[in-house]
Amino acid sequence: MADKSDRMETAKKGLREHTGSDYAPVYLDSSPAAEYYSQLGMERTYGDAWTRPGLDMKTRSMITLSALAGMGLDNAFKAHVRHAENVGVTRAEMIELLIHLHGYIGTPKAGVISGLVRAAWKEKDAEGDKAS
Amino acid sequence: MADKSDRMETAKKGLREHTGSDYAPVYLDSSPAAEYYSQLGMERTYGDAWTRPGLDMKTRSMITLSALAGMGLDNAFKAHVRHAENVGVTRAEMIELLIHLHGYIGTPKAGVISGLVRAAWKEKDAEGDKAS
Amino acid sequence: MADKSDRMETAKKGLREHTGSDYAPVYLDSSPAAEYYSQLGMERTYGDAWTRPGLDMKTRSMITLSALAGMGLDNAFKAHVRHAENVGVTRAEMIELLIHLHGYIGTPKAGVISGLVRAAWKEKDAEGDKAS
Amino acid sequence: MADKSDRMETAKKGLREHTGSDYAPVYLDSSPAAEYYSQLGMERTYGDAWTRPGLDMKTRSMITLSALAGMGLDNAFKAHVRHAENVGVTRAEMIELLIHLHGYIGTPKAGVISGLVRAAWKEKDAEGDKAS
Amino acid sequence: MADKSDRMETAKKGLREHTGSDYAPVYLDSSPAAEYYSQLGMERTYGDAWTRPGLDMKTRSMITLSALAGMGLDNAFKAHVRHAENVGVTRAEMIELLIHLHGYIGTPKAGVISGLVRAAWKEKDAEGDKAS
Amino acid sequence: MADKSDRMETAKKGLREHTGSDYAPVYLDSSPAAEYYSQLGMERTYGDAWTRPGLDMKTRSMITLSALAGMGLDNAFKAHVRHAENVGVTRAEMIELLIHLHGYIGTPKAGVISGLVRAAWKEKDAEGDKAS
């Protein structure tokens, strides 16, 4: 909770480490309010949390995935599956996380998130093939 | 997914390690169906997941807490806060988990779960004072 | 969707058959708007649905319980457990419903609703002992 | 809660004012039950609520959007964004509503609804360009 | 909760009766953990619940649909609409279930699930036309 | 998103206007991380949103109530009912908000939130009687 410019710098560093890419805010329109809105999410996740010590990024990745699975937020879950490998979550650990959550979130939600994992991996593998 | 008696034995071992106490199923009534129901939860969490290798119990504790927070299942969340210390989650890490989840679950849910953490710790501390 | 007075009469009949008691609306205050609000729920459940042919009341009881369990609406779920026996859902069938839903809603929610079933039965049994 | 034909007339008037178009019920099939179902939603929203005095349509639009955001009902949220301008919600106010809700619903849900606002505006602007 | 191979056999029988087709597990990858995960859902629904006596498959279909509607799990709901006819739920009863749930889940969710029913029926009818 | 001390000052002003009382953060323990956590909610609601122009506090109160109702966050909803009168929401408007939301959130949730309104008003009236 430093001043505004510092928080965005910290947030961008956190985002880069987690996602492997630079921050590209998506604006609703060209108003200052829309710019303000675009920064809120960055600050409240990467700025205020991911970049803190106390939990490593791999643990933060797995607890974020679990919370998103519990809330049923599918697109965000899938994006975080893609990023998880950047901070050290292996594919074997991702399957283990699915197995663990299955009994807590129930079979239909478990079916949804495993489908998202499969889709995220397929996308990444296709990009990797193209890149190599 | 071994046979029935094995699964309950495994589940009881997992429960004991996580909660520090033995399994006491709560029956709906004296019917076989009620007994069957009482075992489902044990098997599907402690039997099929907690006792597997691949993720340590500390990580399993933190992802379970995060999923429960996301689903808004307050009583289960509070019980898992109590057990978390048994598998190595420190109080500092618990606060860090709250800070991390805040931006994902939103302020009102964050207020609920921090209240549950406070209540669980108060209970544990009161028990500890009594025990010593 | 008959006229207003008819709908409330139909709704009251449905409520009586399901719950075994007469309708007692709870008013927010003495304003016409508060009275209007008190009637909305009666009409939209007992008036527009429960009293229709096409599904018997026993089936309606079980699908209502399942939807309430899915939504995590605990107090309403418990009230419906109490009423279910009036329209023919046996205790054995109630346990079977719990077993069936377990895998869909997940273990923590399953723990919540079985606790509510137990509490509802205990209340009913205590009332029955008093009545006899 | 007038009689049936009156309620549908009132509902249609409310729908027209909010959405700018006439009511076109979508039937499941040609049965009377399907027609009945198609009317339930109209009556319970536009018939019983939107057309009442006590809150103006602009306020009703904003509280509906907020409830839909809280429930995570994305398609309905997007449709209501489209209609909001008809009852006086400006784009600046819509962004302000997003900013306000952000801290309550959390960052991932906030990302979802801002994406829906952007999509709804893009659609409307494309239609406006075609119309002019 | 028989041993592993028995449970999968029972589960496959239940799935076949409900869905009218054989079980085709979708693997995340070729690891044993992924195979294990693929079996969890089968066992926890078809193996442990659907194949039990105590409630007939038609009732199980309707309570599953109601729980899925309450949880807002759209893809699973739609799949279950497709299967419901195999276990005796008529289209008239499906509409009646929609009418009943409307007042409990609210208008926007009711709009979502009726859209899913319509889509599922359209798919089935198109397949039927092709088959004949 | 000014610097840290400014944001808390702004947040406290917003809280005071909305709730009619000064800010009393509830700490989990005496660690800096716990203090940090206590401030996150203040900043993300009162600091970053309530105190902005663009929507008046009365509108902010009603949209917050609607989002909390949609999310099923009962304690927060009740607290906001208590505060709503401070920013100009009359009791008649509160009932109108309940009537409006009824059709969107469904009858059981509508029953929950009207019970919370009744309880909040009863508390306030009892305090008022004591104060006078």
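As written, the chain order gives the labels A, B, C, D, E and F, with residue 1 at the start of each chain.
Heads up, the rule we're going with is that contacts are C-beta pairs under 8 Å (C-beta built on N, C-alpha and C of every residue); 3 or more make two chains touch, one makes a residue touch a chain.
Treat the numbers as computed from the prediction; the structure is a model and nothing was measured.
Asks: What chains, if any, are shared contacts of subunit C and subunit E?
Replies: Chains in contact with subunit C as well as subunit E: A, B, D, F.
Asks: Among the remaining chains, which ones contact both subunit D and subunit E?
Replies: Chains in contact with subunit D as well as subunit E: A, B, C, F.
Asks: If you tally contacting C-beta pairs, which comes out ahead, A-E or B-D? Let me know.
Replies: Counting C-beta pairs in contact, A-E comes out ahead.
Asks: Can you tell me which pair among C-E, C-D or D-E shares over half of its residue-numbered contact pairs with A-D?
Replies: Matching pair: D-E.
Asks: Which one of the chains is farthest from subunit B, going by Cα centres?
Replies: Chain D.
Asks: What's the rotation angle, in degrees and to the nearest 5, for a C-alpha fit of subunit B onto subunit F?
Replies: 120
Asks: Can you work out the whole-Å distance between the CA centroids of subunit E and subunit F?
Replies: About 41 Å separates the centre of subunit E from that of subunit F.
Asks: Measure off the straight-line distance from the CA centroid of subunit C to the CA centroid of subunit F, and report it in whole Å.
Replies: Those two chain centres are 31 Å apart.
Asks: Measuring centre to centre with CA averages, how many angstrom lie between subunit A and subunit B?
Replies: 25
Asks: Could you list which residues of subunit F touch at least two other chains?
Replies: If we look for residues of subunit F contacting two or more partner chains, we find 33, 36, 40-41, 44-45, 48, 54, 68, 71-72, 92, 95-96, 99, 102-109.
Asks: Which stretch or stretches of subunit B touch subunit F in the complex?
Replies: 72, 91-92, 95-96, 98-99, 102-103, 106-112, 114, 117-118, 121
Asks: Please name which positions on subunit B make contact with subunit A in the complex.
Replies: Checking each residue of subunit B against subunit A gives 41, 44-45, 48-50, 52, 54-55, 59-60, 62-71, 92-93, 95-97, 99-105.
Asks: If we count contacts the way the header does, which residues on subunit D are in touch with subunit B in the complex?
Replies: Going by the criterion above, the answer is residues 103-109.
Asks: In the complex, go through subunit E and note every residue touching subunit A.
Replies: So the residues of subunit E in touch with subunit A come to 26, 28-29, 31, 33-34, 36-37, 40-41, 44-45, 68, 71-73, 75-76.
Asks: Give every residue of subunit A touching subunit F within the complex, in rising order.
Replies: These residues of subunit A touch subunit F: 1-4, 7, 33, 36, 39-40, 43-44, 48, 54.
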